[in-house]
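Letters A, B and C name the chains as they come in the text, with residue numbers starting at 1 for each one.
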Amino acid sequence: LNGSNQVWVLIACALIFFMQAGFLALEVGLVRSRSATVTAMKCIVDWSVVSIIWLVFAYGFAFGDSAGGWLGGSFFGGDGIEGSSGGWTMFLFQLCFAGTAVTIVSGAMAERVGFHTYVICSAVNVALIYPLVAHWVWGGAVSGDETWLYGMGFRDFAGSTVVHSVGGWISLVAIWMLGPRLGRFDADGKPRPMDAFNVPLAGFGVLVLWMGWFGFNGGSTLQGNDSAAAVIIKTNLAGAASGLVAWAHARWSTPDRDVEMKFMGGALTGLVAITASANMVSPMSALAIGAIAGLVHNYAFELLLKLRLDDPVGAVPVHLFGGVFGTLCVALFGKSSALPKGRFEQLGVQAIGVVAVAVTCVAITYGLLLVLKKTIGLRVSPREENEGLTLCRLPDVPAQPALSEAEIRRLMGG
Amino acid sequence: LNGSNQVWVLIACALIFFMQAGFLALEVGLVRSRSATVTAMKCIVDWSVVSIIWLVFAYGFAFGDSAGGWLGGSFFGGDGIEGSSGGWTMFLFQLCFAGTAVTIVSGAMAERVGFHTYVICSAVNVALIYPLVAHWVWGGAVSGDETWLYGMGFRDFAGSTVVHSVGGWISLVAIWMLGPRLGRFDADGKPRPMDAFNVPLAGFGVLVLWMGWFGFNGGSTLQGNDSAAAVIIKTNLAGAASGLVAWAHARWSTPDRDVEMKFMGGALTGLVAITASANMVSPMSALAIGAIAGLVHNYAFELLLKLRLDDPVGAVPVHLFGGVFGTLCVALFGKSSALPKGRFEQLGVQAIGVVAVAVTCVAITYGLLLVLKKTIGLRVSPREENEGLTLCRLPDVPAQPALSEAEIRRLMGG
Amino acid sequence: LNGSNQVWVLIACALIFFMQAGFLALEVGLVRSRSATVTAMKCIVDWSVVSIIWLVFAYGFAFGDSAGGWLGGSFFGGDGIEGSSGGWTMFLFQLCFAGTAVTIVSGAMAERVGFHTYVICSAVNVALIYPLVAHWVWGGAVSGDETWLYGMGFRDFAGSTVVHSVGGWISLVAIWMLGPRLGRFDADGKPRPMDAFNVPLAGFGVLVLWMGWFGFNGGSTLQGNDSAAAVIIKTNLAGAASGLVAWAHARWSTPDRDVEMKFMGGALTGLVAITASANMVSPMSALAIGAIAGLVHNYAFELLLKLRLDDPVGAVPVHLFGGVFGTLCVALFGKSSALPKGRFEQLGVQAIGVVAVAVTCVAITYGLLLVLKKTIGLRVSPREENEGLTLCRLPDVPAQPALSEAEIRRLMGG
C-alpha cells in the first residue's frame, strides 16, 4: 500500500468508521423514545471496547501469522505492526470492519438487554468470534499464510459472511434467548406496533450507512482506481434494487404499517448481499442480487414475527439473511474467472463456509449468554424496560420547572 | 484520471452522495412532523430510482457519443464504460450530480404530493430532462464531441444550471401545479406559519450540504491539487457571505419569523450561485457573488409568498434563483481569460443557456404533471394531507400502551 | 504538498469542516429544546464569520511572514497565497482548525448569551486570539520563520493548546462572566437538572466529531501514508480509553444522572488530550493518556458545578482541561527523540506555553466581554431565556391549527 492507494484506504477507514454513526441513527430512530439515549450510548461504548481489544490481541488473532490456518498469533499489543506489510493502515481498516460486526448486534438486543450484558457480549464478539471467522477467510491478507476456509476456495470479498452474517448470527441467538420486549406480542402472538422514536433519523442513518459502503466495498479493492468505482457502482445498484423491490413487495403484496422498515431494511439487505461479490459480478448481476435480496429481506422479516422473535431494528433480516444470501451469490453470480472452483463446487464451498460460521457464532454466543443469564442476567427489570433504559438507574429528581411569570417580572425588575 | 486525481474524484463522489443525506435532514427538519417520515423516504427512493435509470440509459443520453450535439447515444446498460476515458469513476461522479438535481424537487413538492406521482416525476427527470441539459453543457466530457450549448460558449463549471436550475425549474412548475398545502395561506392570501418538525436538524443538513459542496465544486476540477483547494475556498466564501447577508437582511430590513429559513436558504443560495464560476473568479468576486446571492434569495422567497406559491423548504429561491444568478455570474465575474467570448457577448450566451434550459424543463414538467393530474392525480387526499403522508395508508391500529403499574408488579413477581 | 499527500490533506479538510456539524449535533442535543434552533444557527453563523475574516487578515496574522516571532504580516486578503509553499490547501486546512476553536465556545455560552454578543466574540476570537496563539506555535509552517513559543521548544502536534485550550479558556471566562442559566442552581448552589433536547443526537455528534479527529490529527501529518494511520489509531485509542474510564468512574464512584454527559465528554477529552502528542507517543501511551483524561474530565466537570459555573454542553472540561493536560503529555509521554528538550525541561516549556496562552485568552476575552456588558449586554432578557432564544424576537403569531373534520369533509366534497 502506498501513494494514492494508501490514501484511498485511509479514506475508506473514515467512511466505514462513520457507519458507527449510521447504525446509531438507524437504531435510535427505530427504538422507542424511552430507550433512545441508551441505544445511542451503546454504539459509542462498543466501539471503544472494540478499539482497545483490537489492539491488545484481537487483530493478532485475526491477522497475525497463522497457527495452522485456524488462528493468528502475532501483532499482540500492536507489536510488529509498524513496518509490516499491512502496517497501521491495515490495522485501522480491519478495526473498522470489526466495529461494524459488533455494532450490528446492538440494535437486535435493544430496549431490554442489560447494559453490562451488552458490553460483555461486544467484548467476547471482538475478542473471539470475529477474529476466528476473519482469520479463516481473510487471515492471509497480511501474513500471506493460507487459512482453512480461504484455502478451500471460500470467497467473501468485503464481508457478507465475515462481518454481516457474524453480526447476524449473534443477533439471532441474542433475540431468541433475550425474548421479546414486553408487550411486543399479544396473547395470540400477534405483533403490536411500537412507536419509533424518529423514523426520519433512521432514514438519515440508512444514507450514512449507504455512504459507508462506498468505503466498505470500494475500499476493499485496496486500490484507488477505476475498479473501486466499479465496485461502488455495483454496490449502489444492489442497494437501489433491493430497496425498491422490498418497498413494492411490502406495499402491494402485503400492505402493512412496516413498509418504511421494509424499504429501509430492504435497501440495507441489498448492500449486505452484494458485499461478498461486488468485485466479481457484472452491474446487471448486481441488480439481480439486489432485487432478490429485497424479497429475502421481507420474507425473513415476516418469518421472525411468526416465530415471535423480536428484532427492534431488523438486524437479522438485513445482516444474517442478506449476508448468507450474498455469500452464496459468489457462486451463483460471480464471473467464472474469479472463482477458484467450478460454479457448482463453489456453491458447496460457500455453503460450507456459511455452516462453519453459523456453528461457531451460535455455539459461542449461546454458551456466553447462558453464563450471563445465570450470573448478571440478560434483561433489565420490567420496570426499567417499561420506563426506558438508562446508563445508570437513579431515584428521580424532578427537572426544574420553567420560571413563573412572577419570577420573570421580578428578574426583569418590573 | 489516475493516481491521486482519481482518488480525489472518488472522494468527491462520496461527499456528493452524502448530499442526499443533507437534503433529507434539511427537508425533514422544515416540513411538519406529520410529513417527516415520508419526506425522508422520498430522498432514499429517488436515489434508488435514479441509480437504476442512470445505468440503463440516462448516462448514455447525457455522456454518450453525441448525436449532433443534442443527445448522447452510447453506454446504454453500462456497455463500454469500462475502459472508456471516463470509466466508472466518471459514471459515478455524474450519477451523484444527477441524484442532486432530482432530490431538489422532493422538498418543493413535500407535504401534499402523492408518493407515486413523486416517484414518476423523479424517473422522468433523470431519464429525460437532466440528461438533455447535461448533454448540452457537459456532454463532451467523455466523448470529446462538441455539444450545442457548450459549443456556443456557454460555461457552467459545476452545475448552477445543469444541476440546480434544472431542479429549480421543475420545482417551480410543480409547486404552481400542485397548489399550496391546505391552510398555508389564509383567505386574504397571507401566509400562515407552519410548525417545522426540527429546525436544528435542518441546520445539520445545511452543514452536510455545505461539506458536500467541497466535493461538488472541488471535485469538478478533476484534480486533487491546489486548484481544488482554491475552488473550495471560493465556494465556502460565497456560502458564508450569502448566509450572513440573508440573515442581516431578514433581521433588520424585514424582521420576520422566517429568519432561520432565510439564513439557511441564503447560505445555500450562495453555494449554488458560485457553482458555475468557482474555477474562474477571484476570492473577492466569490464574496461579492455570495453577498448578492443572499439578497436574491430573500427577495425570491418573498416573491413566492406574494404569488401564493408554497415551497415548504425554499427549494425555488435557493436552486432556481441561485442557479440562474450564478450562471450569469460567469459572464459578470469570470476572469476574461476563462471566458470563450467577450464579457458582454458571454452574458448573452449565458442568458441563452438559461432560457433554453427553462423552456425545456418547464415544458416537459408541465406536460408530465398535466398527464399525471388527469390520471393518478397529483395530490393526496385532504384527509391524508391533514393527518400526515405515509408510504402506505392503512386502517389505524392503536400502538400498544405502556404497561400498567399492576402488570409491572406482576412481572416482577411482586 | 503534492500528489497523494495533497489529496489526503484536502480530505482532512472535509473531515475537520464536518466537525462543525458534529458540534452542532452535540450542542443541540444537550441544550433544552427551547434553545435548540438558535444554538444550531450559531454553529453556521460563526463558521461564516470565521471564513471571511480568515481571508481578509486572520490567516495573514497566523501564518504570514513573522514580525519577530509574535505576529504574521502577509497573505492579507488572500494576496500571495496562490503559489506559496502552503497554497490554498494550507489556507483551507488551517481555516478548518480556526473554525473549530471558535465553535467550541458556542456550547459554553448557550441558552443565555445574546446572539450579537456571540457573533462579536466569534469575530474577535478568529481575528485576534486564535491567530496570535497559532502564530506563536505553528506560525513557521508556511513561512519557515521561527516563532517564539515554537522556537523555545514548545510542541503541540495538532492543537491541544492552539485549538482546544484556546476555545476552552474563552469558554471559561465566558461562562464566569455570563453567569449560569436561570434556575440552573438552586438557592443552596445545588445544580438542578435541565432536560436535554435530544441526547441521542448529541451521541451522533460525538461520533461525527470522532471521525473529524481522523482528519484533525491524521491530516496534521500532512502525509497520506502509514504514519497518518498510526496517528489515527492512537487518537482513537485515547478516545476509547477516556470514554470508558469516564463512564466507569461516573457509574460507580459517583453514580449520577450526568453519566451520559460524562461518557460523551470523557471520550472527547481523550481525543483532545492526545491531539498534542499523537505523532510522538506509543499506542500504549495513548491508552494511558486517554485513561487519565477520562478522570481529568470527570473531576473538572464536578469542579465547575461546585463553582456554580454553568457550562451547558461541558466545553470547559473537554477542551480546556483536556487541552492543558494533553499539552503537558507531550513532555510526559512523548518519545525522547521527538522532544527538543530533556523531558523535565520540556515539561517546563510546555507549562510556559500553557500559561502564555491562558493569559492571552483570558485577558482579551475578559476585556472584550466587559466592553460588551457595558454596551450591548451579554445576556438575553429573562423572558427570552425562559421562552427560548431565537434569531429574531417577534410578536407571537399562532401557528395554523390542523383542519377540522368538517373542513376536511367539505374539501373532499362530502
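Methods note: a contact is a pair of C-beta atoms (placed from the backbone, for glycine too) under 8 Å apart; a residue touches a chain by one contact, two chains touch by 3 or more.
Just so we're clear, the structure is a prediction, and the values are computed from it rather than from any experiment.
Different-residue interface: subunit A and subunit B share under half of the residue numbers found at their contact. Superposing the C-alpha atoms of subunit A onto those of subunit C requires a rotation of 120 degrees, given to the nearest 5. Note: centroid distance subunit A to subunit B, computed from Cα atoms, is 32 Å. The multi-chain contact residues of subunit B, meaning those touching 2 or more other chains, are 3-4, 7, 11, 201. By the touch rule above, subunit C contacts subunit A in their complex via residues 3-4, 7-8, 11, 15, 182-184, 192-195, 199-204, 206-208, 210-211, 214-215, 218, 224-226, 228-230, 232-233, 236-237, 239-241, 243-244, 247, 250-251, 255-257, 259-260, 263-264, 267, 282-284, 287, 381-383, 386.
Those residues of subunit B whose C-beta lies close enough to touch subunit A in the complex are 1-4, 6-7, 10-11, 13-14, 17-18, 20-21, 24-25, 28, 36-37, 39-41, 43-45, 47-49, 51-52, 55, 77-78, 82, 87-89, 91-92, 95, 197, 201, 390-392, 394, 397, 399-400, 402-403, 408, 411-412.
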